[in-house]
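Scrolling down, you'll hit the structures one after another.
Here subunit A shows up in two complexes: once beside subunit B, once beside subunit C.
After this line comes the complex of A and B, so read on.
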């Protein structure tokens, strides 16, 4: 899961220096299109739909945060 | 249902723009009046393209010789069926197929396009002299953006090509553009373009509220409101006026009633810059910022923008969400865009 997310992030910025726990939004590129594409990518890739209340930057700020959101959705 | 104004006219070449068949004759002559129609449509901000079964290089050099090549974007000069060309053009420009017109001298081609795309306005080449008088060929407003619209799209084509060829990340590419953004109070000369933006923009649009020219005019002179317009340029040229924000000053807070940004600039991150700029200005005024959001089937990206910019919901009804910004810290604006006065 981490590898898939990493590969996606690599299209937007150099992810090789990012640790799993690092805040990706502090790396600069917070824009609407990136945020939208990130959410859409996660929904498609892991076949889940993210609710409004889950659309919180806390759930997307790092690779670890994204993984735990996805995991909790898969586990239901 | 009201018919859409035409945003793009697609031209055939042989027997439509010039007399004769280019590949069979040494010399072809322009048909009288066609050039005037092409130039006038261009002035009105109506885009133009080509769908012609021809040899690309031969047709291109002939059009260059006539001084017409630059008027057409995404020309489809090939042996595809014209219904396919029409579809490619609509997708490339990113406009609805019901805003296209197609001009050809052959009944067969007109019917072929009409059959696949009944929404396209098909015009026989006999009727070219009537085009400029058609109601759908007369935009409600001709704004400063309309006059340069073709140029704006041509700039986008160059940028998109460069972005595809660029070896590096998106962020690195944005840096190479040397973007300059201007945020200013709306003036009366901006009103038509603003009304046009509220009608044309659907994705990065927080509430979809449409304001008429008169309403906007009242708002810009009201001391209870702040109306901002945004323009953008980079080293390849202007993007024009691409965003707007409408803020109502309430007693303890500012309420952001409408935030919108043209789809053409979505990948440049300027929507977030405008939003952060507004947060910073509201902080300076010592107020709290709230934003309204009306969900539609196209604007989820706007909701995500608010949430990822530190807004949280404070009031939610079925068709209206009110969000409140985190005002604790001044927002840092990214350094790949320069804010200019």
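After this line comes the complex of A and C, so read on.
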């Protein structure tokens, strides 16, 4: 899962410079233009539907945060 | 919020423009336009001929507002309130009382012509129509109406809720009042613009489609991979996105359709579409919207 997310992020910035816990927004690596693409990617890639109440920046701020969100959705 | 203007010609003095904006077409651009104006307090009447598309649009706009709000917390956007500003309808005749219409139907001349001719029999005489097109000449769209002075091109950038720039195109007969009103309207929702003269593809797409088409030729001729080509643009030229990523985002079918328009309008071989683009469309490799284009997304 982490690798798939890293590969996606690699289209926007050099993902090798980011640790799993780094805040990608605070580091200025991406902006809000990227947000829609990220959410769409996660939904399609992992076949999940992100609910409106889950659209919180805390769930998308780092690779670890994204993995936790996806894992919790998969686990139900 | 409320736009005022001086209508000296009719001796009406300062007149308030109704805050209802008709938006035609529920594609990516139509939804984006509706969201942007609704977030700024405008009442939107979103029109599409198909009910299922309207239903789908409602869900997608809600999610898009939520995502926008997630990254723009200082604006305190309430998705529920924004969504309440948008009404949905499959009846174009409901636009008879609106003062401003943003037309976003499919980028095909015959489809647009049908819509403009239909609108001409519905809308008020002084209703201005913002044609959201990426290639089709505004003078031509205006000619399908009885009031071409009220037709102006506004090439919004995708995603509309987040892009703060638009290319504004004045057709041969577009009136000064229409231009001024359009500038004010865009400024009111935080969009700056450049007003240019009419020309198929305008400035942005005459440039961008040459880049995207030539980049496709580079792949077709096996000169470089999509990643390599886009990297030259990003790392070499400092662009945020490469031409092939952009083509995938826009949709390969849309890029091909625009190239065809440019080719037909200028009758110039420099706009001849790369055969690879045609093959990709036939194979339904349309970019992000089908999950595969020059890149894979699933």
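Operating definition for what follows: the second predicted complex is superposed on the first by the 73 of 76 C-alpha atoms of A that agree within 3 Å, B and C clash if a C-alpha of one lies under 4 Å from a C-alpha of the other, contacts with A are read in each partner's own complex, and residues count from 1 in each chain.
Rule of thumb we're sticking to: contacts are C-beta pairs under 8 Å (C-beta built on N, C-alpha and C of every residue); 3 or more make two chains touch, one makes a residue touch a chain.
Note that this is a predicted model, so its numbers are computed, not measured.
Trainee: A:41 in the overlay: touching subunit B, subunit C, both, or neither? Say first, second, both or neither.
Mentor: Second partner only, subunit C.
Trainee: For A:3, decide between first (touching subunit B), second (touching subunit C), both and neither.
Mentor: In the superposition, A:3 contacts neither subunit B nor subunit C.
Trainee: Once chain A of both complexes is superposed, is A:11 in touch with subunit B (first), subunit C (second), both, or neither?
Mentor: both
Trainee: Overlap the subunit B and subunit C contact sets on subunit A and report the shared residues.
Mentor: 11, 25, 31-33, 35-36, 39, 52, 55-57, 60
Trainee: Please give the residue numbers of subunit A that touch subunit B in the complex, ascending.
Mentor: Listed in rising order, the residues of subunit A that touch subunit B are 10-14, 25, 28-36, 39, 52-53, 55-57, 60.
Trainee: For subunit A, which residues count as touching subunit C in their complex?
Mentor: Its residues touching subunit C are 11, 25, 31-33, 35-37, 39-41, 44-45, 52, 55-57, 60.
Trainee: Per the contact definition, I'd like the list of subunit B residues that touch subunit A in the complex.
Mentor: 169-171, 204, 261, 266-272, 300-305, 307-310, 312-313, 334
Trainee: Mind listing the subunit C positions that touch subunit A in their complex?
Mentor: These residues of subunit C touch subunit A: 62-64, 66-68, 70-73, 79, 159, 162-163, 245, 288, 291, 295, 297-298.
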